[in-house]
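Got some structures for you, see below.
In the two complexes below, chain A is the common chain; its partner is chain B in one and chain C in the other.
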Partner chain A sequence: MSKRIAVLLFPGTNSEEETLRILRDCGGDAEFVHWTHASALRQYAAYVLPGGFAHEDRIRAGAIAAHDAMMETITAGAGEGKLVLGICNGAQILLEAGLAPGTHPARQATAAFTHNAPERHFICRHVYVKLAVEPSRCAITASLPEDALIPAWAAHGDGRLAAREEELVTIENGRHVAFVYARADGTVDDAATPNGSALGCAALTNRDGNVLAIMPHAERDAWNLNHLARLTGKDVLAPSGGSVLFESFVKAVSIS
Partner chain B sequence: MHTKRSPQRSRILIELDSLALSAGERQRIAQALGRPPTPVELYAFDAQWSEHCSYKSSRAQLRRLPTEGERVVLGPGEDAGILYLGEHAGERYCVVVAHESHNHPSQVVPFEGAATGVGGIVRDVLCMGARVIGLADALRFGDVRDPASHQRHVARSVVDGISAYGNAIGVPNIAGDVSFHEGFNENALVNVIALGLVKEKEIVRSFVPPNGAGWALLLVGKATDASGFGGASFSSLSLDAENETANKGAVQVPDPFLKNVLMRATYRLFDMLHARRITAACKDLGAGGVMGCSAELCASGGFGARIELNLVNAAVPGLPPEVLAVGETQERMLFALPPEIVEEALRIFNEEFTLPEIAYNARAVVVGSVTRERRYVLTHHGDTVMDVDIEFLTKAPFVTLSAASTSSCHPERSRGTDAGNALARYNNCSREPLYRRYDSVVRGCTVLPRGYADAGVVAPIPGSRLGVALAVAGDPDLGARDPQRAAEDAVREAVRKVLAVGAQPIGLTDCLNFGNPNKEDHYADFIAAVDGLERAARSLNLPFVSGNVSLYNEDSAGNAIPASAIVACIGAIDDISRIDGGRPDEPDAANPLAEIYP
Partner chain C sequence: MNPRDETVEIRLKVPDNAAYTALVALRHLGIEVGRVEHAIVWTISDRGDPATLVSRIERNETLFNPNLHVVSVRSQSLPLPGEIWTWEVDRDVRRLPGRGVEDVSYAKPMTSWRLFDREGLPAAEHDVLDRACNELFRNVAIEDSLFCF
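Here is the complex of A and B:
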C-alpha cells in the first residue's frame, strides 16, 4: 500500500505551504488534497490538517470544518488506525470531530480548544512544547526522545483546552495530553502556558495514539533560517528545531 | 424578468450635491460630452477625477522624486512597484511592494476601515502576478489616555482589524510602527504596506496588451453591494462629523475568508496562464469600483471597454447602475483574458475554488469586453447609462494649487504640551502588546519576525538564501515642527533600520499623509515634505517605486495633522545566514501599551 500523506485544504486554510514543505523536507511523500476532491482522500496512508480558519471558523473554531465532506474519510481512516495530525486549526477541527481526545464512544466532541484566557484575543508568541507522555504512547511521537522539548509558535485566538471537570480527569488519567507548554529550559509552569489552557495542554492524542491534535506550529520554527539565534553551524536552509515532530510523523507513516 | 430602468429614474443613494466634483469640473464634463451627463457618468467622473484616483493635486510634486535605478523593474504608475531581488535556480526573482493609507475609513469605522486597508494593499500586490509574502503597518493615533475616548477605541480596533484580516489570509506581518500624538485625535493614520514575490518573466501588468482587442473582462470575487459607494470621493474630502451615516456607508466591508480563497484561486489562474504562456492583464478593484478598474485597465493599453452592468453579480436585486458601476465592494479582481481561456478561468474560480459557496453570490463572471474603439460604455438592461471618451475619463485635469510661504506647523502643539508629555510613555516602550496580535510567522519563511530587530526579514523562496527586509519610519513629533526634515529623516531612518539587520537597501515607498491641499499653509507642508523625500532619496541614490498620497487629513477646527511622510524601505539580502538573529521582546504586563492592548 502506498504511504502517501494528504495535506488537507479546507476553504480558509492558510498554513498549507509550510506544512507541505516540512513534510517533504523530512522525507514524506506529501501532497495537497483540495476540498472539492474529498473522494480522493481514501487512497492516502496518513492525513495532515494544517492551520488556518477553515470555513471561517463560523460558530466555533473548527465546528463547520468538522462536518466537511473530507472529514468522513478522515474519521473512517482514524478508526482504521491511519495516522492523523492536526495543527492549530487542524487540531481544533479534530476536537470538534471527536477524534481527539476521542473519549466518547460515538465520536462526539468532549473537549475544545477555545478562546484564549485571560485575554480572548489572538496571540502570536514563540513557545516550547514538551512531550508529556512516553514517546510510544502516540505513534506520531514514537521516534522522539523522552521529555522531548520542541520549539514552535503559538499563533491562535482559540488555543485554550476546555472541557467539563470529569472529562479533564479522563483526559489526564487516560494520558491524552501529549504535549504541555514549557519554558526554553524545559520547566513546566503556568507562566509557560500562553493561553490559559487546562492542564497546560498544547496537544491531545486519542486512546489508540494514532491521532495528534497540536495547537502550536512546529512547522514555523522548522528550518535553521527560522531561528538564526539558535543556529548551530548547520546549513541555514536545513530543517531543524520543530522539524523533529515531522520527522517522527513521517517515520511513523513509513512503518504504519 | 428584469424590468427596464432608465438612467433618469435610477435611485440616487448619495445626494448629487455631495459629490466632490467641483462646479468647474462638472461644466468641463458637460462641455466635452455635448450634453448633460447622466447620473452614472457624474458618479464615474466624481470617482475617477477624485484626488484619491487621480492625484490631481499631488502629481506635479511627486514627479520630482527619483524613481529609477538598476534594481527597478517597475516604478510608480501601476498598482505596485517592482524591484529585482536576485537569482535562484536560474530564475530571476523580484519583490513587489505597495504602500497605501486607509485613514478616513479607519477613523470612522476603525475595525472595518483598517481591515479593508489590508485587503486593498494585498490585492495591489496580488494583481501583479505575485505571491503575497509580507505585511507592515504604520499607525498614528491620538491621545489615547482616556479609556472611554474615541481615540482609544480607534487605536484598539484598528489593530484588531489588521490582525483579523492579515492573520486569516495567511500573510505574516513583519514590520511597522505606532506613534501617539494629540494631532491625530480626530484623524488617525493607518498606512499599510504589502510585499510580494514574483519571477521577473511572470509579472502580470495592469494594462491590456496590444493583441487584447475583443478580450473578455472577467470580474471575480464578492457580490457587489452598496458598501463603499462614494469611497473614492469620501477619501478626498475632509471628515465631517455631521455626515456620519454617509461616511459609514462609504466604508467597505471586509471578508478575509473570501479573500483567502480568492488569493489562492488567483495564484492558480496565474500558474495556468504562465504554463500556457498567455499574457493576461489584471487589476484589483479599489476606488471607483468596476468602472474605475476596467477603465484604467483598458485605457492604459490603448483600448476602450464595454460593460453590461446587469451582468455584475450583485448581493441584492435592484441595485441602481451607479452603485454597480462605482461601488467599492471589497474582495474583487478584474482580468482581461483571451476568449479561449475564459472557460477554464471560470472553472477555476467557480468550481475548483467554489467561490459561490464561500460567500453569497461570489463568483467569476464575464461582464464585458475590451474594444478597439476608445470609448467607455456602460449598459444596464439594454440602456446605455454611460458613453464617454475613455481618455477623457481617465485623465483627470490637473489642479493648480498655490502654497503659502509659511507652513501649517504649530511647534507649540507638539513640544512640551501636557498631552505630548503624557503620551510619551506610550511612545517610549516596547510595541510587543500590539504586534503579538499579528501573525508574524505564517508561511514558515520568517527569519526576523516583528519585534526581533529594526526590520522584519523573510526568506520567501524555498531552498534559496535570498532574503527581503522591510522597515517603516516617520516621526510625527518632528513632522509637526518641520515637515521637510521629518520627511528626510523618515527616509534615512527606514534605510538605517534595513541596514541594521544586514540588508542592502534597494528601494523606497512613501505615503504622504497631509492636510487640505486647498489651504495654502497645508499645501506648503506637503511640498516641503516632498523636498525632504527628494533630497534624502537622491543623496542615498535610492528610488521610490510605489507610493500613495492621502490628503484632507484635518480636524474639525481645520488644523492639519502633524505632517506625516511615512516611508518604507525594502532591503535585499544575498545570504540570510550572514545576518544576526535578533531577539524578541518579552511580554511585560507593566508595559503602558498593555492598557490599550491587554
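Here is the complex of A and C:
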C-alpha cells in the first residue's frame, strides 16, 4: 500500500490545488486534510503545508496556524521522523512552530521568515534556488543532484530569514540552510536574493533533516505550461522545472 | 522647534478581526482572558506643533484611513495595565512616508495587545501576560516586548 501524503488546509491556504496536483503527478498518494479534521492526520506518512495566508497572517505570518490543532499532530509526527514540507506560508508556520530550523525543543521559535528588506513590499519574482548542502543532509532533497538548481516563484511579503545573531551562527554551522537563492547560471550572490534573507536563505531544514521549510513556490514552475521556453513541441502538462523537488519528496516518502 | 518624543496610538474603529482571532488563540492555549484590544503604537520624534499632531497624522494616507482608524496621543510612553507591546528588533523608521508628517524625524512602530479579564478589568496577572506575550504575541527570535500588569 502506498504511503499517503496529507496536504493541509488552514483557513486562508491558497496554493493547495497546484501542490496536490504536482505531488500526484510525481506519483504521490496525496489528498487534502481540512483543518476541521485534524484528528485524521495521524494516519498519514508525510505532510505538506502549502502556501497562502493562513488565518490572514493575523498577529504574524504563521503565528495562529502554528497553534492550530493540526500542528500538534505535525509536531508529533516530525518528532517521529515523518517528512514535513512547508512551502511559503507553510514554511512560515513551520518556523513559528519551531519545527525549522529546529535547533531548540519543539514549540520554541528561534527564527522567522519575516518582512522583506530593504523594502517591506510583497514581491512576485521568478527565482532559482540552489541546494546548499549535500543532498542527503535532508531526506526530502536526498534524490536531487549536488548543487541542484530549481526554478520557482518567490511570492511573499515575509520571506526574509531573520534571527538573533547567535542563532544565525547555529543555523550556518548546523547546515540548516538547505537552499540559497541563486542566479539562473547557479551563481550565488546578494543580488540573487530578492528579499534580504539572512545567509541568502531560501529554505531551512531541521537537525534531523526530515523537515524542509522553503519560501519560493517550486510548484508554480512545475509543468511545461509554466514556461513558454519549455512548451515547443512538448507535452504542456508534463512535469518539469520545480517538479524535481516534489519527485524527490515523493521518493523519500516511499522509502520512509 | 526642538524635537519632542510622543506616543501615538492608531486603532481600528471597525470590528477588529485580529483582536478576536487573538482572543480565540489565547483561549486555545489555555490563557483565560475575556477580551482583547489591538492597536498600533508609534513612538515618534516630532518637531511640529503638538496641538496639530493628531490632525497631521490624520492627513497621512499611509498611516491613517479615516474609514477605519482613530488616532490619539498617549500621555506616557509605557504600556497601560494589561497591555503588551511587541516590536521588531530591526525596525526603526527614520522618516515616515507621505504628507503631513514631514516634522517626524524618527519613529518606531509597536503592536499593542491589551488584555481584559472576564469582569472587563485589565489583566493583572503576570503569568497571563507573560504567557500571552511569549507564547503568541511575540516571536522571541525577531521581536522584543514590554508589558505592564
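Everything that follows uses one rule, which is that the second predicted complex is superposed on the first by the 247 of 256 C-alpha atoms of A that agree within 3 Å, B and C clash if a C-alpha of one lies under 4 Å from a C-alpha of the other, contacts with A are read in each partner's own complex, and residues count from 1 in each chain.
Just so we're on the same page, a contact is a pair of C-beta atoms (placed from the backbone, for glycine too) under 8 Å apart; a residue touches a chain by one contact, two chains touch by 3 or more.
As the structure is a computational prediction, the values presented were derived from the model and not from experiment.
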Report clash or fit for the pair chain B and chain C bound to chain A in the combined superposed model. fit
Which partner chains sit in contact with A:112 here, chain B, chain C, both or neither? Use first/second/both/neither. second
In the superposed arrangement, which partner chain does A:164 touch: chain B (first), chain C (second), both, or neither? second
With both complexes superposed on chain A, which partner does A:56 reach: first (chain B), second (chain C), both or neither? both
With both complexes superposed on chain A, which partner does A:42 reach: first (chain B), second (chain C), both or neither? neither
Write the angle, vertex at the C-alpha centre of chain A, between the C-alpha centres of chain B and chain C, to the nearest 10 degrees. 60
In the superposed model, does chain B or chain C contact more residues of chain A? B
For A:207, using the defined touch cut-off, is the partner it touches chain B, chain C, both, or neither? Pick first, second, both or neither. neither
Applying the document's definition of touch, where does A:96 land relative to chain B and chain C: first, second, both, or neither? second
Touched partner set for A:228, first chain B, second chain C, both or neither: first
Smallest separation in angstrom, by C-alpha atoms, between chain B and chain C in the superposition: 5
If you lay the two complexes on top of each other, which residues of chain A touch chain B in one and chain C in the other? 55-56
Which residues of chain A touch chain B once you look at their complex with the stated criterion? 11-15, 17-18, 21-22, 34-36, 51-53, 55-56, 119, 121-126, 153, 155, 217, 219-231, 236-237
Residues of chain C defined as touching chain A within the complex: 17-18, 21-22, 25, 28-29, 88, 90-91, 136-137, 139-142
Show me the residue ranges of chain A that touch chain C in the complex, using the header's touch definition. 55-56, 58-60, 63-64, 67, 96, 109-112, 114-115, 162-164, 167
Quick one: in the complex, what on chain B touches chain A? 160, 163-164, 167-170, 256-257, 260-261, 351-354, 357-358, 435-449, 459, 462-465, 575-577, 579-584, 587, 598
